[in-house]
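Below you'll find the structures, each written out as structure tokens.
First chain A sits with chain B, and in the next complex the same chain sits with chain C.
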Partner chain A sequence: MAVALQKQVSLRDNMLANLEATLSANVKSGRQNTSQETAKLVLRSLTAIVKDKEWKNAQDLLRILRDFGKRLIEVDPTETVVGNVVRRVLKIVRDDYLRVHLGHSADQKLLLPHAVDDYATAYVDLKDHVLESIDEFEQEIDYALDNITQQADRLINDGEVILTYGKSRTVEAFLKAAKETRSITVVVVEGAPKYDGHEMARNLGNANIATTLVHDSAVFAIMGRVHKVILGTHSVMADGGLKAYSGAYSVACAAKHYSVPLLVCTPVYKLTPQFVTSEDQVGFNKLESPQEIYDFADGDFDEAEILNPTYDYVPPDLVPLFIFNVGGNSPSYVYRLLSELYHPDDYDLKGDV
Partner chain B sequence: MSKEKADKSAPVVNGMKPEDAEKARLKAERKAAFEAKRAAEQAADKDGAGKENKKELTKAERRAIQEAQRAKKAQEKKGPADSKDVKAEEKPAAKSGSTSDSPSKPEESPLGKKKDMPTKKVSFADMKFAANPFVNMHKRRDNIGNLFRSVDRRKKDDGGGEKRPSVHPAILQLGFQIADGAVSGANDRCVYMLEALKKLAQDFGSTESPELHDARELSQEFFSKMDFNVAFLKECRPLSVSMTNALRHIKLSMSEDESMKNASQLASTIIDNIDGFLQNEITLARRAIVEIAKSKIHDGDVVLTYARSSVVLDILTTCHDEGKRFSVVVVDSRPALKGRETLKTLCQKGIHCKYVFIHSVSYIMKEVTKVLLSADTLLANGYVASRVGSSQISMIAHKMNVPVLVCCETYKFSDKVLADCFAGNELGSQREFLQNLSEKRKQLLCTTLSSTVSLVDLTYDITPPDFVTMVVTERGTLPCTSVPVVLRVRQNII
Partner chain C sequence: MAPRDKTDIKANEVLQAVVLAETFSPKFQPLTEMMPFALLPLLGRPLLDYNLDLLYSNGFQEVYVFCHSRNADRVKEFVRTSKWSSFPPTRFVVNVISAENYVAPGDMIRDLDGKAYIRENFLLIEAGVITNTDLRQLMEAHKNNQVISNDKNLMTITVRKMAPDHLTRSPDEHFALVLDPSCKILYAHFNEHLNKNMSIPLKVSLANGRVSIRADLAQTKLVFCSKHVPAIFSDNFDYQHTNDFVKGIIEHEDIMGNSIYIHEVTESYAACITNMTLYSRIAIDVAKRWTYPYTIDMYIRDCHPQRGGYYVSSAGRIHPSAHVGQFSVVLGQVADGARITKSFVGEGSSVGKNVCLDEVTLGKNVRIEEGCKLTKCFVADDCVVFKDSTLLAGCILSPGVKVGPNVDLKQLRLQSVPLEDGLSGDVVDGVPDAAKFGKSCLAFEYTEDEDSDGDSDESDDLVLIEERWGTEDGKLSDGFCSQEEDNDDDEDDNDDDVLDGGESPLLSLDDTDLFFKEVVESLQRGIEENIKPANLILEINSSKHAYNVTITDVIELTTRALLTICVGEKKTGAQFMAVFRKGSTQIYGILKNYMKKEDSQRVCVEEIGRFYTSLRANCDESLIKTIQNVLNFLYQRDVISEDVVLEWFEDYEDKETAAHLKQFIEWLQQDSSEEGDTDDSSENDDGDEESN
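For the complex of A and B:
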């Protein structure tokens, strides 16, 4: 028994160590993988836990998953996707337990969130149900991009000039899909200090889309010529605001000034139940190395403080529309989606079950 | 349409037997329909051919024909390039007309022509990115060596016997400095130009031309020389409003004074005029602005400024020298990264600074209490033309309720108006676009450029007056909208 337990612990720790290493590499050397890759990475290890770990009942499983999630989040609190995936899996476990539980005892109609509160009854078939649901979730992640890009021709008109900021895989795919049926011109803002707009411009150019690259400072100047703004985002906060790459605020603000529609393309696994009270709150922003924006060969002064924040908070009043993989919604609907995606008890993973 | 006809012919059958009446009515109806169709066809056929049937045309038909003719005319006038616009006008006409379902000779009839056109819907595609709003902008050169060619060309022209003016060495030097970006900023460019013109005047005064004794001829000679030199500067880079205003001032002040007898006297008058302008409109105005603006900065303020502005630097260093305790946020942006110079100057003075890129303005704006900017020019409609990015900063400051102060001497006020950031703007060269990028990124960007990817590097933008709290001038603090008033007062003085 003791040996088996040890084996289990080491298995979990190995997995955790691997994931932690990947995530902390992201912290140290900038984000290497996309949100989708991170999401799938986390989901796979959670699947392994469900599959290989020994657990008696749902309560047990929830505790294990939550512990695992807690530690992952501590590695990089700004990486909201990790927490979101853990929360989704917790919700899956809860739902499946309820379904099994009520299926054994009562009418399906009684499937209310508070019908049970202890998750303590052990069911043999729960594991299969959970694994199946996780599989569905994985497919949702896989097809998220397709589901978003399918909406492109309904949202983009022929001959439109579209502005986007920096590089986003989702936006890139969206624009390429729009190109299939519409002739569009894209203005790419280069997005200092990463300048990933350069790469975005190249990719769009290769897809035969007329692309213009402009500096960050030209956002307001050029907005008067733009028909639509399409942005990607790092995550969507609970109030419907965005945690997007620095510079998004200016873009959204200028779009509002010129009354240009702004679309934010994002899969729902970027929805996070966190609220923003300050851009400096723990787990929201990251200050990157000043080296990126300042060459210290120019002179190193004690009086100078060089700030290079990674994210901007864009309040919901500047975001008119989200394009999710489950369809388009306004920011005021985000809270509703959140309650569908996550169980309220899991919003804060740090608390007890 | 045929229904209408039938209704009109209905009274004819009154007084007949019911069944006969019914038959007659049907017949009349058919006939009316046929007639109407024929009329429409003929009308559609040709202007003349349709004339005899004109009475029988309904209003809608006549209207349709007129519309079509007008459209055709307009199309011929505009040429094929604008044919799409015409199509937009035609469409509703075709619908309201509901005439010829099958015109007999489509190639001749104007209505038929419409049918021959591609049936593609009139789409928003016709409102393209104005083909390219950047086409008419002055694009700065990648290689200023090209300018030599224009100088050479002028020299060759000189060989043609007729004596032509040549570009003065001081102007030549300044031209290259401006084209290269070594001399930039509305103030500096103006001051350097005036200094160079002083040298031009000096040299003009020392070369006595005996055949000219009339004062008017003399000054004409000088001004044509000056215009020629200024034209070279213009070729290097379009003149800023400050420069054109200064030139106008020199000319205006000259034409009043006709008492001078010889070239050296003329030259000294011009030099005096220029010195007067430099002293009153630039040096003293600057000092007055600093005096006024420094009263707006208090202990504990966090002042945000953008890129590099000499007047803002003057204000901040003066405040610091007077012992005010405040800190500064320097906002910078590629490609020029002029803010580094500001940062360096302020830090060397011992002022605490924060340095951010323009994309993080929203992050830093919360701690800022005042935004201090300078302007290249103030337009008559109250817009502030300044380095590209200023409008973005003002917008965010306005959004977050931080006052925006714009410092500008009144000699930079312009009587022109602009409605967007494209007209009258300048484009940076590719070399400038690549400035301050790492080698790796430069290479990536160079490989990115293709027929589909282009770079646009705007130089100026205009800030709407709503974002600007006040303009600090040597004549006091004003709202943006007072520009025309100030201009009128200035004109009266001159």
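For the complex of A and C:
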């Protein structure tokens, strides 16, 4: 038994080490995965754990997954998607356990979070149920983009001028979908210091969308002529605020000033149960190399600190509407979605089970 | 592991890297006595870990770590217990290779050739390299260069553009390149020492059309090599370093057709720790996040940047009244009233009340008691500094040292065990010097073998400190910047001298020229490293035979070389004297050796006169004034006799320079008249005068 347990632990460690290294290597070599790729990468290894590891009952499985998830999150605490996927899988295990446990007739009891206690009973068919649900979740991730873009023609009117900031795959697809049925003009803000707005503008221009590229400082000036602002985001916080690439806050403020409606396109796996208490909170922001804003070769001004934060926090009162793959929602509704997607016990993965 | 890069799989190419995990330099002593250089922690993380992380993240699969046998066990143990050994062999393997006979990087590469591990292009990296550059991109550039050069490209050297006064530039490295438009190196100038002159062979500029001369580049010690490189090292057993290799290949480019390219890194950080100055600089750069993502919070997971620009881990405790400045890292405890700037406080260390730390690195479990003041120091694990002590300007405390209370230390290197060979006088019986290091001390001064003679301690230390930590005003030596005009002048002078003074018709100009250059180099090194004059004389004599130079020329050129060294580095008289004083042992020893007869003394004095005449045109007065000091020095030490000086002075034509000598000459004349004409040898000189 002891040997078996040890083997199991070392297997998991090995796997974790691999995934951990992949994730951190991606961060380090600058190969920024899209959030969808990250989500699928994590989901694949969680599936492998459910499939290959020896576990007796749901409690066992939950513990293994939690442990695994906890270590994974530590690799890069700012990547909220990793934690979100782990939480979703935990929720799936819990739900499926309940479903099996109560028989298929007791769906309404699922709503009560403490309907069952310890997840300790062993069921033979639990594994299949869990794998099936994970499969569904994977499909949800795959089709998230399609589900969002389908809402484009409902939300965008003919002849509108739309402003977007930097590059977001979701927004790009959304605008391209809108262009199919509507004639639109897009203003792209370049997004210093990464300037990924340049690529966005190029892509949109190639798709025959009338595109204007402006620099970040012109946001306020140009906002007066804009009908809608559409942003992508890195994650959606529990209060409905955004953790978006830096620069988004000033765009949102300008939109608020001119009363321009702002839409945020995002799949629900970017929804995280974390709150923001301050912007230098651990795991919220990432400070990257100052190289992007000041050339190292020019010599360092010794006493000055050069900051290059990656993210901005946009408070919920600046965000009128989210376009999720599950439909449009206002920030005040996010808490409800959260409780549907994740189990309250899993909000904090760092705590003990 | 999911294959991420399909092209790699298709080509079935394994990325190989070689880590040279030793510094063959005494600059980190006595730290490297106690621990392998590769495991020296930079902000709490061993250097080798930075390397392996870099290589892993860039998709390298096979890593060969070369280290000396005495360090092999610890390096192997480190690799074995780290996560770098936990990957499947197809993904990442670290092999530690060691031998006892490594005395230079060249030996390691020759060993690499013997072992035949290398199949393709590989990366050669020194353990001190800290970079966040994309190595795959560099590898591509290297392969691209091979295509351009028809597979004749042996090496692509990675360089980072840095302003000449950049703080992250090694103060003792002078590096310049002559490049053709495709970034092929035509001529390379590496100089570890302080000679800032660079002479470019004429054929380089004539044969190659447009060339660019770059002095704004710094070496990163990241070198991409073709698979032939180890074999070439084996063929040329005198190549000690890649620099030798580069020079050798370029010199023989006509014959062998091989070439070397550079690749300039522009978007990322790259630097190499080669001395303590750079060590503390690079630590600050890492804390400033230039090396992102290889920053502290990526290694020590619970250590996060705070408002105010410093880092604290969850175990770190900072008293609310303590002041922690930008770019500091606190993993230990800081008591009230302490002021910390640009420093690292390691795990389990405690900083007492009202302590001041500035650019200090504290290892694990260090205790700094209240009232201490430390500036630019390295304090290794488990040290204790008892209260009210002051450690200034470049103290290095190796593990376990205890000093204080109430001592003032400056520029000292201390270790906790006595020196084995007992060379230094004060540590014969293994009892710590309580008077010097405080009554509760456990500390022995570390001294290198050569300078145990203790002749010119003061200036020696100064140079050491400057090499290790930069000059005292916090500025590093300025590389090529601001010296350039100066250098040009000097070179012109030298050329003039050679032309004017090419007296012996038998000699070709080249030979004297080469001889002179060689002498300058030996002397420079001699003064730098405080080599015994006898050894230098040996070197000069062997050069003499090699270039077939007459003894008169030897005296002339040696004198000129000595003065050139003193002048060439600095511009003002004060600095001239500093160098002169430092090298006085060598200068005295060498000149004394050659000046046994009066006619040779005459040659020497005349040369001094000529030198100053040529110098006068383009330097300030304070420098010309030093002629008096030089002559006085030689007179006082009986290298030259007063008659020689006096006679020479009568014939000396350069009146302006002579004006500076007036005082000295008058004093000499007085002296000699008092003594009476006891010295008859003056007659002999008259004849020799004509011959010159």
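Points worth noting:
Here, the second predicted complex is superposed on the first by the 324 of 353 C-alpha atoms of A that agree within 3 Å, B and C clash if a C-alpha of one lies under 4 Å from a C-alpha of the other, contacts with A are read in each partner's own complex, and residues count from 1 in each chain.
Basically, contacts are C-beta pairs under 8 Å (C-beta built on N, C-alpha and C of every residue); 3 or more make two chains touch, one makes a residue touch a chain.
These numbers come from a predicted model, not from an experiment.
Touch criterion met: A:299 reaches chain B and chain C at once. By the touch criterion stated above, A:218 is placed in contact with chain B alone, chain C being left untouched. In the superposition on chain A, A:282 makes contact with chain C only, not with chain B.
Within the superposed three-chain model, A:198 lies in touch with chain B and out of touch with chain C [touch as defined at top]. For chain A, the partner touching the most residues, choosing from chain B and chain C, is B. In the superposition on chain A, contact of A:238 is made with neither chain B nor chain C.
Note: residues 298-299, 302-303, 305-306, 308 of chain A belong to the chain B contact set and to the chain C contact set alike, using the contact criterion stated above. Taken in their complex, chain B has these residues touching chain A: 123-130, 133, 332-335, 340, 343-344, 346-348, 350-364, 366, 387-389, 391-392, 395-396, 399, 420-422, 425, 433, 437, 441, 444-445, 447-448, 450, 452-458, 461-462.
Partner chain A is touched in their complex by these residues of chain C: 1-2, 4, 53-54, 56-59, 83, 86-88, 132, 134, 136, 160-163, 165-168, 216, 266-269, 285, 288-294, 298, 301, 304-307, 309, 326-327. For chain A in complex with chain C, the residues that touch the partner chain are 13-14, 17-18, 21-22, 24-25, 27-31, 41, 74, 280, 282, 287-291, 295-300, 302-303, 305-306, 308. Across the interface of their complex, chain B is touched by residues 157-161, 183, 185, 190-193, 195, 198-199, 201-202, 204-206, 208-222, 224-225, 227, 246-247, 249-250, 253-254, 257, 279, 285, 293-294, 298-299, 301-309, 312 of chain A.
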